[in-house]
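Structures given as structure tokens follow.
After this come two complexes, each holding subunit A, first together with subunit B and then together with subunit C.
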Partner chain A sequence: MAVARWGDLRRHAGDPWLLVTFAGAAAALGIFVLYPAFRVLVYPTWQDYLAIPRSLRWMQAARNSLVMMVISTVTATFIGLAFAFATTRADMPGRRLFRTIAMLPLFAPPFMVAFAYILMFGRQGLVTKSLLGLSANIFGWHGLWLVQTIAFFPLAMLIIAGVLDAVNPSLEHAARNLGADEWTVVKTISLALARPGIAGAMLVVAISVLADFGNAVIIAGGFPLLATEAWFRMEGMGDLKGAALVVAMLLVPTAGLFLLERFWVSRRVYTVVTGRGSRIARPPTPAFLRWAAVAICTLASLLIFLVYFGVIAGAFTTVWGRDWSLTLDHWRLAADRISSLWVSVKIGALAGLITGTVGVLVAFLTSRSLPLRHVLDFLAVLPGALPGVFVGVGYVLAFNPTFIGGTMWTLAAALAFWHLPMGYQAASARFKQIERAIEEAAVNLGATGLRVLRDVYLPLLLPALVEAFAVSFIRAVTNVSIVVFLITPGQVVATFVILNMIQNNIWGAAGALTTMLLLLTFVAIGLTWLSVGRIVRSPGVG
Partner chain B sequence: MRRLWIVVVVLALLAVILPGVGPASAQQNRIIVYSALPDLETSLVHREFTRRTGIQVEALSVAAAGTLQARIRAEKDRPRADIFVGGSRDFHIPLAREGLLLAYRSPVAAEAKVSPDYLDPAGFWHGWYLGALSIIINTDRWDREMAPRRVAKPATWDDLAKAEFRGQFVMPSPITTGGGYIFVAGQVFRLGEDRAWTFLKALSANAVQFTPTAPGTITLLERGEAIVGMMWAHEAIGARTLRGAPLEVIVPPDTGFEVGAVSIIKGGPNPAGARAYIDFLMTRVPQDINARYGFRYPVRGDVEVPRGATPFNQLKFVKYDLEWAIQNQVRLRERWTREIGR
Partner chain C sequence: MEPRVKEPHVRFERITKRFGHTVAVDGVSLHVEEGSFTTLLGPSGCGKTTLLRTLAGFYRPDAGDVFLRGVRITDVPAHRRNTAMVFQEYALFPHMTVAENVGYGLRLRRVPAAEAVRRRGQVMELVGLVGQERKFPHQLSGGQQQRVALARALVVEPEVLLLDEPLSNLDAKLRIRVRSEIRALQQQLGKTTVYVTHDQEEALAISDRIAVMDRGRIQQLGTPLAIYHHPANRFVADFVGLANFVEGELSGPGLVRAGGVTLAVPDGARDAGPVTVVLRPEAIRLHTEAPPGAPNVLRGRITAMSFLGTLARYWVDAAGRQWTVDVPSPGEAVMHGEVFLEIPRERIHLLAAE
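Let's look at the complex of A and B:
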């Protein structure tokens, strides 16, 4: 093995630029991915770590985080499964509509579901107070449970639907022909083959729930959770060490789940060897299952509709819960803060450019037979295991004392490298689709490694680059978990302004500014669709 | 066709990004301010400051002084900001002791005869506004739920611990906010430590929540998520006057108060601009803006008291030992975590 690697190295020695690029990319990943994580972990001392079990509040936060992880993951996966099932079977009514609706929460800022549900189901809620006459308390674990279920089931749906789609209909027909009834087919073929997908979905949702900052900070109320506790440590107490300890505690389960997903579940996908893909229709779905799935999907779709409706209606209502007359006043107040939207665009675009370039570059390098390319691959997907608040605290500790500290570059870099796995994996997937022969032809004609990248791959990868840019951009302009730690004077982004408005009870303007932010993301999605002909998805940790 | 779109998008992006990137414009006449006051007051005060001095202000407003305190600590090797404004002096004093602030004695404060109680003798911080803790009532819910049962409105701190208010009380957490801590320390000064904890435990049995940020308490009261609460009076008066929130303010005897401070960060980029800023805050105009829009008491005698507020010298304060409160901060917060646990 070692011999082969040194052989590779010697072969590439004639191509110094490739090695230089490799070293550069490795250095960038080391500085912007590994170093901040390392700083967080070594900032507290051993005694600090050993004192964790004695802190009542932290143990409580840890317990609460784990409980939320379990209950939200179960419900989100269940609804995701229902949606996935409904949208992959031809005889389901309204399947296209359901799928479109279910994608909507993926593009919303991570606090939007919580914000909308306070408007809908809180003490002043349109549904609870005005329609039902109840005085309901939405703050706490139960509100968060509802919010996280709706916010994260689309992730589960995407993953499970991918697996269900791959189940060959001829297997189901074969089972039917062998005498199995509709129920048995669903149970022993469709769902059985989807098991790894369901497990994978649960792990991804669990990571998102654990790391969820935006919803928790708004709706969890006095219910301590690890993700928000880190921020309260800094906000209320100026306690950087406490913040570092809490995010380090949070890293243990997220990293564990991430490794589990990557090295266990994702390698256990059942591949059914049948030769060519099949286009025949699936056998009919049992009627009971069909209607149960439609009922669940309808209810969940309604809840998603309320998210968008609540925020937009809030932007036009004079005083929510007390005076329902329409007004444009909130838009004037929001227009005052429109400069923050431009700062968001600027930082999002910077982050997108970095994610796109670094993602494509690293994907190119890991597709070469270079030594240590697995290390590079690992570093490029590692940020997927890090909660946003962890990255935020890490960048504060790592870069505040340097020359980029306190500038918009720190924030842009944090957002860019946190979203790197998405750009990198999109680019990697494209690389695998490109016929190696094209490259070999170029090499035979005398092209060097970087020339191959420029003249062969770059034109073919342009769509991947655009897509990586778009995903990173959309997630950067809607991010709060990193933003709250790295915001700088003169570069205040829109999500930060909105979060402050929600916390200070300025709902109307918060709704108006959120609506503007939504328009911005949908314009970005539209432009990307026009450029690459695909709707970008933005799955990942919240 | 697709290529064309890509080119269009890339060009549009460059047009957006390029003007903003590049080295920050080397503007000499500019200061950077970390403000723990809300956006509205901050921007109004800064507009006036720029108009009078010609110095531009880049501000970061976070309505949580602890966050800004943490930033200043984190940036101590390379301070970014010149000024830390707002938040009780409790947040400035520890920074001064850690050597992160620059001493300055504003001649304007002396000229205006600001009481020495509100100024640091060593000059590390200048008090420029005052606030008092108070009982706050959501009148909508009170009239619907409490008045028919002939419950008396709470007039003292002890009233808040009555069983009628079970699950209806809210206040900011003493672990994460200055206001919450000043309240808890105030109870120790009022009752002595043992009785104070008995009272606090009874109070916590009533609490629906201890909000992690100070504005969170007003938010919950304003939305009617709780009926009674403990919070800065000016926050409630502001919500009532500016947004029509159904809130009533009762300042009980033995209340606590804050001295809202401003200080210069040592090693900041523009110390001369920072001194001009302190001088400006000690003048009438900014204190008037803060009283008008933030409903906080001015420290100058010649500025009008905020609308709807009882004059500061008519309030009855608990004997607050600042030094003891700062010395025992960690211990009291730990005891709170241990005994109340929320």
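Let's look at the complex of A and C:
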């Protein structure tokens, strides 16, 4: 029944606009998703690929990336689990506060944690130098480890909390009733049921760590990584082939993990979300677990607080590490570069519009029984498997020689289509919530395919559209991984300016501009919340 | 003048519809007369909804054709058929008011505003929704939502009105009220109606004709009376109402030997051989003393009783088997112990053994 056949075309023959729209959407995805990826993969010759194992630098970068992936994933998932556990047990002190704090890194630009920790734990660090009198070097793998752990554990928390929350309290009570003590209940029921969720969280975090460009470029120092190597190749040496080769190498593990998550783990989730809130209280949590979780959460919350505190404090401090007096000088310097913020807003709005409309349109088309709709679905989720730097290099290779090359349209399109899976999946989820019979009722009364979209789906999907716009906008204005490849001299965006400031140790102005970017983000989140009643989250990846 | 075979309003011609390897509808032919109320009745998975949706154009049959007034409409897409449907979950547009919901079909047909308002008002009055125009579906009760769905379908003046289990989301009392309202409305408008339900009582109460379906086929087509009293096979007898089944052997004219007893049955054109006796529980009479002179009297013992208000249901062991017997209007009388079953000959229905 779900299998679309060519024969179904006949049923849509009376609806040519639907077919035209379908062809248009397929062409857009082909050009803006598939073609750049294809260009990256075929740019190096097969001899270039075969030479990879002989390049010491690349093998080292690959090894480093994998090591970071393993250690950062383990720690981020562990802290995410502690938070998830703490926020889903009713008898946990401070659970709401912890949940709110843990969400904060999700709204931060993807380089912000690294930047803040340089200010806190670096050579001039407030904590390391001024408070403890240490001479610490945060640059390198250990700094990156800390940064990625804090930046990405909220992703793990969200996924694991979703699963833990869905564990029916009746099951826990049933176990108690059969004679299990508190610890046994947690071990054999709650955590056992959450195991697929934990595995899924690890995969999502691992992908994010591998693709993390923003933090790595700031704090990894001389530690070579695949995600940053591509940019160094292109910026430093103009080596386009090397850049393509490195991002192709990076694609293998990220795409592999992505497929694993999508087709294996996500189908092994035991818990079923019924929507029927069976809200009986859970049995008590063992005391030692309660306090262990609270201790971990308190420490992590402190580290998160330092992220926001560091950046904002940096914006008001005369000379970080030496002169702690307050000043507004940095804001004057930042104000000189405020035009970059408007460019960010312009490109972000453009990207948001494209992500929203294409996302809703593709979600609508894949819900039709049209042939090739699975191909469309695949193309719409594919960007989720691509690291930002891969997309950046892909768009350079694909569109720089064309008429949109070097314009802000290339950057906007790259950001829009990279974020398409979020808009598409949000819209798809809404589509599934809308009863099929509602659409049939419209058709039954005489509505054609596109008329159904206009009269029934668009009004019902408007919240999804707004949400997709907001997520895409926020991620676009805070992006660095794609921006660094597609930036053009006339259209410099705020994140690029900030990145340059940080690398040139102009910390105060960088802090001020980052604070403005944060304000912009929170205004966007607030407006979205006011209009659709939902808090959008934008995991700071890339 | 040459007698002309009157073309039925809707004609299903050997419809087959498969989903994967399951055959949902298996070569069904059915005529629906103009102005009639026809019900497709059967258990879930019998193909009744599939058949209805084939008429609405949501499914294209794998074989066979659908005709509307003799015109083949098999390939006409759903939105170009004038077969308005009332959905099981109502499927009201949640973002439109009651008036917008009801007026939607008119908007699609580009009916001029003044006329649309007039027609909408008429239908709203017909179903008793006046005053609710500006509410949204979620502000209405289940019964009111049901009326909106009905109004939305009626306002476009469909060729055929389709109803897919429209009462299943209402509570028991309301269900009975709305079903008689639907029937009264249908008769008032003379609208050809195809109705799908799994509730046999509903089907008996509301229909001109019932098509009882099972495993993708029509098992029997007939009036409610015929379906109930003269079921064509064991499935129909079992699905519609309660029945006692007794396997036996037609041994002579009007005589069935079943186990140790011989029952006098109506004379029929049936050949001698194995038969199944079908007996409705309310057809059997219960006596505390043997009724003199009556044929078909069995001595038995009551094993259980269930009081249902309008009737008392007894389970009686007699002639080596259990019988279900309904005593109508029992009042406060309760029987127990030894009883006599009297089986009126004319109430016995015979089936060929399957």
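Rule of thumb we're sticking to: the second predicted complex is superposed on the first by the 528 of 542 C-alpha atoms of A that agree within 3 Å, B and C clash if a C-alpha of one lies under 4 Å from a C-alpha of the other, contacts with A are read in each partner's own complex, and residues count from 1 in each chain.
Throughout what follows, contacts are C-beta pairs under 8 Å (C-beta built on N, C-alpha and C of every residue); 3 or more make two chains touch, one makes a residue touch a chain.
The structure presented is a predicted model; accordingly, all values stated were derived computationally and were not measured.
J.: Do subunit B and subunit C fit side by side on subunit A after the overlay, or clash?
T.: fit
J.: Which chain, subunit B or subunit C, is in touch with more residues of subunit A?
T.: Greater contact footprint in residues on subunit A: B.
J.: With the two complexes superposed on chain A, say which partner A:179 touches: subunit B (first), subunit C (second), both, or neither.
T.: Neither partner.
J.: Check whether A:349 is in contact with subunit B, with subunit C, with both or with neither, and answer first, second, both or neither.
T.: Only subunit B is touched by A:349; subunit C is not.
J.: Counting only touches as set out at the top, which of subunit B and subunit C does A:133 meet: first, second, both, neither?
T.: Once the two structures are laid over each other on A, A:133 reaches no partner at all.
J.: Looking at the superposed set of three chains, what is the minimum CA distance between subunit B and subunit C in Å?
T.: 12
J.: In the complex formed with subunit C, which residues of subunit A make contact?
T.: Residues of subunit A touching subunit C: 1, 10-11, 14-15, 435, 437-438, 440-448, 451, 455-456, 459-460.
J.: Write out the stretch or stretches of subunit B touching subunit A in their complex.
T.: 2, 5-6, 9, 13, 16-17, 20-21, 24, 32-34, 38-39, 58-64, 66-67, 69-70, 73-75, 77-78, 80-81, 91, 173, 175-177, 207-213, 215-216, 218-220, 222-225, 239, 243-245, 337-338, 341-342
J.: Could you list, by residue number, the parts of subunit C that touch subunit A in their complex?
T.: 19-20, 56, 58, 60, 75, 77-80, 82-85, 87-89, 91-95, 104-105, 108-109, 152-153, 156
J.: Along subunit A, where are the residues that touch subunit B in the complex?
T.: 55-57, 60, 118, 122-124, 135, 137, 139, 221-222, 224, 228, 232-240, 243, 319, 321-322, 342-343, 345-346, 349-350, 353, 396-397, 400-402, 405-408, 462, 466, 487-490, 492, 500, 503-505, 527-528, 530-533
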